[in-house]
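Dropping the structures in below, format is structure tokens.
Paired with subunit B in one complex and with subunit C in the other, subunit A is shared by the two complexes that follow.
This part shows the complex of A and B:
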């Protein structure tokens, strides 16, 4: 199948669970299946606690206790697929992370080691993965930093000598230096001002265009999704509830939750009254039966309270988890 | 009628570091808030001094220079008890606003007794029930619950109810919705608008979110590195910004509208070489290191407040004669 060959990552029935005690566990990611294609920008949206950050942690294979994961995350590596969740962490560290998948964490401006010069951050990764000496690695880093549009003397600086925006670009440059096929970015631009945010997002998308790889952007900021992503995944209470091309999702959202979310967004120059959504997101320790959204849904029917609706294909590339569209 | 609140050349100096490096977190701010119900937004990025300004108005900090006048009275000449009746805060973090060991309702009751000075027990209960219902909470449920049993949105509604019980003239809300989820945020913002219309309370709303500011506010002040660079009617400031900084903000704002994607992507932002510390201590305009129109004059002399059709802007570009 043509779709299969293009998929750079396939996740099948993935669960991510925080086991707090034998009795209490939080299913932050609950039966999620997605495919990531080569050369696309995918956005994952949702409110805090919907499982979007946990999902990319699971896809990246970064499982810190109490997080545990089940399911299959198949990563395409040279005509072959590796299940990220079944290999050991050492294997991931040596063969997958940085090389095939990179991860830009939240508040990325504060992840650099304050005792290390910027150049050492670069040469450490290079020398470990390419098995070369530190001085050789430093030379490669010097050349590389020029191609990223950054000045060479930043390599000699310590992180605190650089501005926040500069540090964030350094982290992005670090994540990209081994030319990974997938980049996960978890809220890369929260806590910076909108001007820096734009600089960083344009930097990220430019590099994505150059490398023709897959960028997965997790953020709650719908404005960023509209400006950057091509395809969007909306999550609610650990489940995917809608998956659509970004334009369709903003023009004509299908799921009642996405509808409420998109319609509540204020815009410059728009004075029409906006209405938020009532109620609160469900408690994941004790989620409601049936559709997770039904307590807040204006269209909730009896069937919604009993059965979890499946993810229905509304159109090609457009999926909705709602019974409103099951009769089609 | 005197203006409700007037800030006259207010400055606040902070020191940090071993050598006592000094900088002005709020620098020569002049704002007049007229005595009519409105939402006055103070917008700016982190480090712009907007929260410091709020704390100055709340008397948490004392300004080094300048005066803050409430109806032509210096706020430091008003005694504490009276001051609390005029100006009340709503804090950013709803989870930290209430004592976790006590029921939040106790805090509301104490506000009624101590600030609004209602002593009749029946009336206290009556007023509480009315106000809680007004902000969209169920009074019977609220009275039984502890802080951890409320959601963030509910706690913020409780904070609003508490403020309403004090019946102030001005409410200062410092990023009151930034900790809430997007789908709930609008309900709280609509509640602010409703309170303004129903009860005639003036809000000073502090935020970094320009889209929300446009939606809710009547007037807006844009802050940058401690200075107010532009202020006036929010429609005109945000639709036709005059100051180069406001222009850059407006152009960089990602909007939830895919039709604007191409324009947004094509328009590149110019990020000059600058050091944040330098921006705080420069004598002239703080924006000079990033400004595409920077002149020699900008670095030396701080621009005055210039009135352009009702909008006050601090930029030499708009100075008469030698602009």
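This part shows the complex of A and C:
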């Protein structure tokens, strides 16, 4: 794989497994390689249990037992690459998390500590990472909150005194305060109504434009992907099955699974009944042989049941994992 | 400065509770009475230094609550007994509830074998009835019993309930989103314990502390009634032991019987009122905003 100079993060053959006992392990992320460029918005799509969140955890380096990971996740730090998975957790905590990579959680309006004022959230993170006193950190936080377009007096408030949209913006501001080069947003808009969704996504994209960093958005909401992402990665059963520029993917999806995914979206003026995809996602403890998607695939042939198709380059920047496009 | 202001606000909002005010008045009264024990005349410990079985009379402070069958002034005896009982209660709470806090915190936040081991340690102490065990310990350690060893013996049992309580709160807090986010943002395990988990536990710890005081004073009284406490010293329990021993209830010496019983009731009511007002204060939404 040619290394492009402005890749901020390269993941090479990454595996993520939940080891529940010596016999049982769930292979939630299976041989994934991706590259993230500077200043782009990447979307990761897929249904529940396809390994989206686990992939984010592995790329972030947050390996809470029973999750274990293999492979290389190279993070670009000042002309140099660090393998996140091989450095110690203390190193990750001190030098990588929040400084280079940060994370916006699911259900982001309920993640603030109800016992702490907003200002203490900011100053705690600042003083831990920059090794400065709390009062200095508080001053920096006061300036910073102004640049994020929020009023200074929110710093004195407790989380329950603010509205949901305000809290979400504060969580985003917290994630961005050390100007990280990559932001992972793990389903930031799930369980939120559409108005708050729009407010949050606009805020996120605005800040991304300002900081020129990489935003990775994980969600199963195809509408969100269509609205803000530039490049999309579709996952199924722990593997990347299609990777393409968002516009192309929505216009002409290649993989049968992506086709079904895009077909499920309602379109203006389209009155034909929606036909869902039959079957259920495979059991990751015991995945099917060959292509993981073959039990549900309308085009499944004999070869699909035997061999796993490779991820092939269909066009430049457009990869798909399906035998239909392998030229056979 | 900030800390001092917080303490003032805390006291002020606690004083809004009628129950807290009443409890505080009771405790201040008990404290004043126990401070008086430091001014007790030397001969109050000696038997027959005063006339025996005398009913209360206003002539002097020594005789204000009458005298016992041993010829000792009830007032000074009860004042010293209160001091010693409070001392036993406080010392047990200092040991027991803090051991409980530590064990409970670890049992709630650690994962795996260590957690299992800690639970295996806590649970038997909760299920085992406390009094029989304490009786056995007290019997075995009768020779070395002093005002300093009784709290240690009581602490053998006292730590388990606070530990279980703290563990349940720690478990619920450690799984909340903001703790996950704190660790994602690069904050270490011990900082998470102190800054994220402790604020939730501190209030409960205070309640546990007060409850352990009540429990320890009650337990010491129970042991003393069996004659297993320090009979050479005055405690509220040993006073009751001597009362029973001399048949004071049967002989109608009410001025000897009532003071320790009333003080015990006041201790329980006073600390209980404070404990419940602290627990109802714990909800941060009830505090003033901004």
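Just so it is clear, the second predicted complex is superposed on the first by the 320 of 328 C-alpha atoms of A that agree within 3 Å, B and C clash if a C-alpha of one lies under 4 Å from a C-alpha of the other, contacts with A are read in each partner's own complex, and residues count from 1 in each chain.
One rule holds for everything that comes next: a residue touches a chain if its C-beta (ideal position, glycine included) is under 8 Å from a C-beta of that chain, and two chains touch if they have at least 3 such contacts.
The structure presented is a predicted model; accordingly, all values stated were derived computationally and were not measured.
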Superposition on subunit A - do subunit B and subunit C clash or fit: fit
Vertex subunit A, arms to subunit B and subunit C (CA centres, degrees, nearest 10): 80
First, second, both or neither for A:251, with subunit B first and subunit C second: first
First (subunit B), second (subunit C), both or neither touched by A:103: second
Touched partner set for A:54, first subunit B, second subunit C, both or neither: neither
First, second, both or neither for A:62, with subunit B first and subunit C second: second
First (subunit B), second (subunit C), both or neither touched by A:115: second
Which superposed partner A:123 touches (first subunit B, second subunit C, both, neither): neither
Minimum Cα separation, subunit C to subunit B, after superposition on A (Å): 10
Subunit A-facing residues of subunit B, complex: 45-46, 151, 153-154, 181-190, 208, 210-212, 214-216, 238-239, 248-250, 252-258, 260-261, 264-265, 268-269, 271, 274-276
Subunit A residues within the subunit B interface of the complex: 47-48, 163, 165, 191, 193-199, 201-202, 205, 220-228, 246-247, 250-251, 257, 260-262, 264-271, 273-278, 280-281
Complex interface listing, subunit A residues touching subunit C: 60, 62, 65, 90, 92-94, 96-99, 102-103, 105, 107, 110-116, 124-125, 128-129, 156-158, 160-161, 174
Residue ranges of subunit C in contact with subunit A within the complex: 111-112, 177-178, 180-188, 191, 195-196, 199-200, 284-285, 289-290
